[in-house]
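Chain IDs A, B and C follow the sequence of writing; residue 1 opens each chain.
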Amino acid sequence: MTPETEEELAGIIKGADGPLRIEGGGTRPLGRSSNAARLSTARLRGITLYEPGALTLVAGAGTPLAEIAEALAAEDQRLAFEPMDHRGLLGTEGVPTLGGVVAANVSGPRRIQAGAARDFLLGVRFVDGQGRIIRNGGRVMKNVTGYDLVKLMAGSYGTLGVLTEVALKVLPAPRCTGVLRLEGLHDADAIDALCRALGSPYEVTGAAHLPPNEGGAPVTLIRLEGSEASVAYRAAEMQALLAGFGAFTLDTDPERCAADWAHVRDVAPFQGRAGDVWRLSVTPSHAPAIVADLPGTEAIYDWGGGLIWLLVPEGAGAGAPEIHAAVATRGGHAMRIRGDRSRAMFPPLAATVAALQDGLRRKFDPRGILNPGLMTPMETP
Amino acid sequence: MQMPEPNPAILSRKADLVARLRKVLPEGAVIDDVAETRAYECDALTAYKCPPMAVILPGSTEEVSRALAICHEMGVPVVPRGSGTSLAGGALPTADSVILGVARMAEVIETDYTNRVIRVQTGRTNLSVTGAVEEEGFFYAPDPSSQLACAIAGNIAMNSGGAHCLKYGVTTNNLLGVTLVQMDGTVMELGGAHLDAAGYDLLGLICGSEGQLGVVTEATLRILRKPEGARPVLIGFDSSEVAGACVSDIIKAGVLPVAIEFMDRPCIRACEAFAHAGYPDCEALLIVEVEGSDAEIDEQLGLIEAIARRHDPVELRQSRSAEESAAIWKGRKSAFGAMGQINDYMCLDGTIPISQLPHVLRRIGEMSKEYGLGVANVFHAGDGNMHPLILYDANKPGDLELCEEFGAEILKLCVEVGGCLTGEHGVGIEKRDLMAYQYGPDDLAAQMDVKDVFDPGWLLNPAKVFPLDASDARRIA
Amino acid sequence: MKTEFTAEQLADPKIARANEILRSCVHCGFCTATCPTYQVLGDELDSPRGRIYLIKDMLENDRDPDEKTVLHIDRCLSCLACMTTCPSGVHYMHLVDQAREYIEARYRRPLGDRALRWVLARILPYPGRFRLALLGAKIGRPFRGLMPDPRLRAMLDMAPKRIPPVSRNDDPQTFPAQGERRKRVALMTGCAQRALNTDINDATIRLLTRLGCEVVVAEGAGCCGALTHHMGKTAESHATAAKNITAWTREIDGEGLDAVVINTSGCGTTVKDYGHMFRSGPLADDAARVSAIAMDISELLMKLDVPEGADTGLVVAYHAACSLQHGQQIKTFPKDLLKRAGFRVVEPADSHLCCGSAGTYNLMQPAISKQLKDRKIRTLEAKTPDVIAAGNIGCMMQIGSGTTVPVMHTVELLDWATGGPKPPAMDQAGPRLPAMAADGNSGVPVLR
């Protein structure tokens, strides 16, 4: 089902007699699967407002991200949270949409400096499981009128409502990008270096550490963006600051830099390789110890260590219990992004928190028809 | 301003309630003497006051939990209070309510510079969070004007912003974790020193919920390394329209200043008389600040000045020293105090799209003549958050009501042009009755559904945010 | 804020002044952030905003003060940090002084309180009696544990180990300037300070005469009245203040005075307020003239040519007395002078917060005073200074009673740096500091 208007969508939901699977571009089948009827937002598309001087863009939830990126690029602006493109990692096709990015609170390496999708949302329109058309927020940055359901919708994976329209804050695209690169650091040293970099006044917009690929060496990457002069200055300061770890080299070629970070953003090293992929959100300085607790896995560190992508080959000793145990003692949580979709994939929740989630779902989707079971948490170990 | 009638059944049980609270709280933490509860009858919105039945000042999460459980059992409403600096009446009690003040919980629990977070008790003032980390060269970014005195608890409740939020975001963008105590005493941890939520973004929901979903006793906040330097530039114009266009052009040019502040003539004059910062006497003044190394600052200000010159400013002055920077900011920061020395005033807080600035200022000027009340405008131009100061005489009968009427018209105008009722101060009671102007019945119902989940008995700060008739059924159920 | 006084009430000039002050308060709450008692107690009622509210209620309703209102106002240190912070220019000092007067007139304190306050008012402003009392305290100290009232215990604790002999420098006389006479100034010798510490006046006289000042100790001058004024005993405070005004006016009209110089900042604030205190009486003009030339010693020194000194290598932690930084808004002069003289000046964190001395506060409110004292000493010692310098005897006694770091007056260091003798306090460490429990500020004192 692919409604063309918000009213049509509301009608479908009101009249639904069974579970619905909400879909934007279908590129991101996360969480437990189901055979419910497909409800697509693909036709709720189009940019309805774009004011570069106010850093504001409003578009239908079904608008392809590419269309938005193009419109923004024409004004030297961009979506600063650089959402991940899941297609490579999950082996899917389709066209990523704005609504999907918001529903899954997708972000990228720049989250450490700029924020995630939720930090750029100004307002939403959605249809909840009762068929109510609901508006929250607006189109201005400073808005504390009533409760912030915009944040609630972000990352709720369509289980509370179907997004129809999104208002976003956009930012200018910098003129220049520089990437500092060092090979050969062990995980612990790499994270140490990245923490130092992020604690400096030189505004780092990307901090990642990649495992070696096929006999190569691990690579530590730091991104700086701004004017040419600013990037050059900050890179030099950063090289001096981190000299104790080794000699970081600077690359300012725009295409190579963009490719480097797309590589990190889209978890390229794990694409096309067998095994489950987990996504861990942790306290950065604890990341190496967590990974060390999980032998046989391969790790990509992003967000200076705050995000760990873990490739868990079959037969490796690290299953859900081991991963949760490694994270539990140090704070954070783990989600299985790629793996058996018949089982729960979301992180376990404390009973009190789960109770609140269930309560919210009962309010917004009393019949339980929107992506039922998708966000079921894994068993608490 | 209508408030619900106090419940006589609750009032009659005051002695019992106080006795039970005294059993679970330390000596001196329960205040019920009528001479003393009076001091808690309002926050910074003094037009509305009502002494609470009692005041409790717990010193720990445990004490908060025990106290709330008792109030929950006895059906007593609870109004949380930080430093009582709210301009929206967020901490206004009803006669049958208990004020829960968090000022005795103000410790720093842990600072973690490696991971760039700090954990604090929420009674701590905003500025003293920065105070705790500034020696190491860090700061906590959201900086409301009241940051000297306002508490983190209040910042979280109202999702406070400040001049720096153009670049660094507001409280919800800098909040990573909380300890939340629900009305029935349940204590839970949400978030922590990691970035993503495990399920729904409950932190995002709690931030800005005006003390209606739970009492936050501890918080994990992001701290940032201070930039190498900062410098403001003063740009004066002979028209607000031109000033607004200049702001727009600066943003379009790809420069992202850390703050863009705007003042109009009445405000400029009052500030200059008070702070002697060297402001020109002109129609509109912008203070634009950028950060970085000296060279980076020079580069950015160079761009900004070039843009400004295209708009033919009457004054264009970069600060050349730390003293001058301090003086330029001192004027702006003393705006409310400076106006207060001249007049009583009511400070509004609406947001508008930047493109609507000239139109809105013009309309405010027209309404000012209609109502016969002067208005001085100061606001965060970078994000369109306006603070019109309506001047009136508190001791003149009828003036307050006139002022409020005028204020409501301005806020409605903000909504009409695509903005919203409140950008930083929150709804409280002040804008409660205008909520239906911005949101439809289903929109409000959805928000109230959330409260049903967290506080089914509607005991936490019940008479705020939602118009009384809209929330009637749920409050009284 | 909106006020509700009747026209009849406003006919009283004191109420009119109170109304002026109350109208200027917008209830914003900024003052709570820098109020020491709010930091310790976390209760709105123990903040300037809360006290203003209580006073407003009391005056508007022409009520007799109640026990709770008196309790909270008694807890005010009069440190005036709130006045420094207030963005609206509320003159809190005048309001709280008026409230104290009102309370003194209309509130019947418990017998013990009345007796204590009567005794303090009869002893502290009179150096002779005070010396005897200190001697008595020295003798009585071993029996401290038998004292039923914490305030009496506090008094015994405060008595210094060394009671100096009477200094003849404090007698009325004129000290000629060395070399060319540049200024003629009257030195206020005060009251309590004379009994506790004669080094300060000695150093002041030496330094000023060395810099070309003729220093006169005026006949008939004595206590400035601050102590009794802050108890609300305005009849007594006005009586002693009047004596000072008469004594100094005689000098002004006689040989002339360039300044009335005060080296106890707690007194300086009051002398500068004489113009306001006496505004509606026959002494109005004279009081205004005296206030106009009243100066803290650091202010006067800034007008003289204090020679620059070589680096002494001595680390001096400068303690900013409330009466100096908030009451008189003098924040940089003492530091500038010390730096110029060759000392390395450091400042403690939270330097705006009171040490808890506040006149007789450390005697009347020992629990709160102790918390503030411990905090202040902790922040001072964190800077590992060689000495601690302050511009007020009360602070010096308070801080000195809890640290081994030598505590002395700023003027003593400046005297030493410009040719005077080494300050005696340099060689006297304070009492051995007991291991301090990490009490933080979450503990709340047990209240009466």
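Heads up, the rule we're going with is that a residue touches a chain if its C-beta (ideal position, glycine included) is under 8 Å from a C-beta of that chain, and two chains touch if they have at least 3 such contacts.
Just so it is clear, the model here is predicted, and its values are computed rather than measured.
Student: Going only through chains that touch each other, how many steps at minimum separate chain A from chain C?
Tutor: When the steps are counted carefully, the minimum from chain A to chain C is 2.
Student: Using the touch rule from the top, point out the two chains with the most contacting C-beta pairs.
Tutor: More C-beta pairs are in contact between A-B than between any other chains.
Student: Distance-wise, how many Å sit between the C-alpha centres of chain A and chain C, to the nearest whole number?
Tutor: 60
Student: Once you find the CA centre of chain A and the CA centre of chain B, what distance in Å lies between them?
Tutor: Their C-alpha centroids are separated by 30 Å.
Student: Averaging only over C-alpha atoms, locate the centres of chain B and chain C and give their separation in whole Å.
Tutor: One centre to the other, that is 37 Å.
Student: Which residues belonging to chain C are in contact with no fewer than two other chains?
Tutor: none
Student: Would you pick out the residues of chain A that each touch at least 2 other chains?
Tutor: Correct list: empty.
Student: Show the residues in chain B shared as contacts by 2 or more other chains, in ascending order.
Tutor: Expected reply: no residues.
Student: Taking the touch rule as given, give the residues of chain A at its contact with chain B in the complex, in rising order.
Tutor: Residues of chain A touching chain B: 51-56, 75-76, 105, 111-112, 115-116, 118-119, 128, 132-136, 138-152, 154-156, 160, 171-175, 195, 198-201, 203, 226-227, 229-230, 233, 281-285, 303, 306-307, 331-333, 335, 346-350, 352-354, 356-357, 359-360, 363-364, 375, 377.
Student: List the residues on chain C that touch chain B in their complex, please.
Tutor: Checking each residue of chain C against chain B gives 1-3, 23-24, 26-34, 38, 41-45, 49-50, 53-54, 57, 66, 68-69, 72, 85-89, 440-442, 444, 446-447.
Student: Which residues of chain B touch chain A in the complex?
Tutor: 112-116, 137, 158-159, 161, 165-166, 169-170, 172-173, 186-190, 192-205, 207-209, 225-228, 247-249, 251-256, 292-293, 295-296, 299, 351-355, 380, 383-385, 418-427, 431, 435, 438-440, 442-447, 449-454, 465-466
Student: Inside the complex, what are the residues of chain B that reach chain C?
Tutor: Counting only chain B, the residues touching chain C are 26-29, 31, 33, 35-36, 38-40, 42-44, 46-47, 57, 59-60, 83-85, 101, 103-107, 123, 125, 127-128, 146, 148-150, 334, 336-338, 340-341, 344, 394-395, 400.
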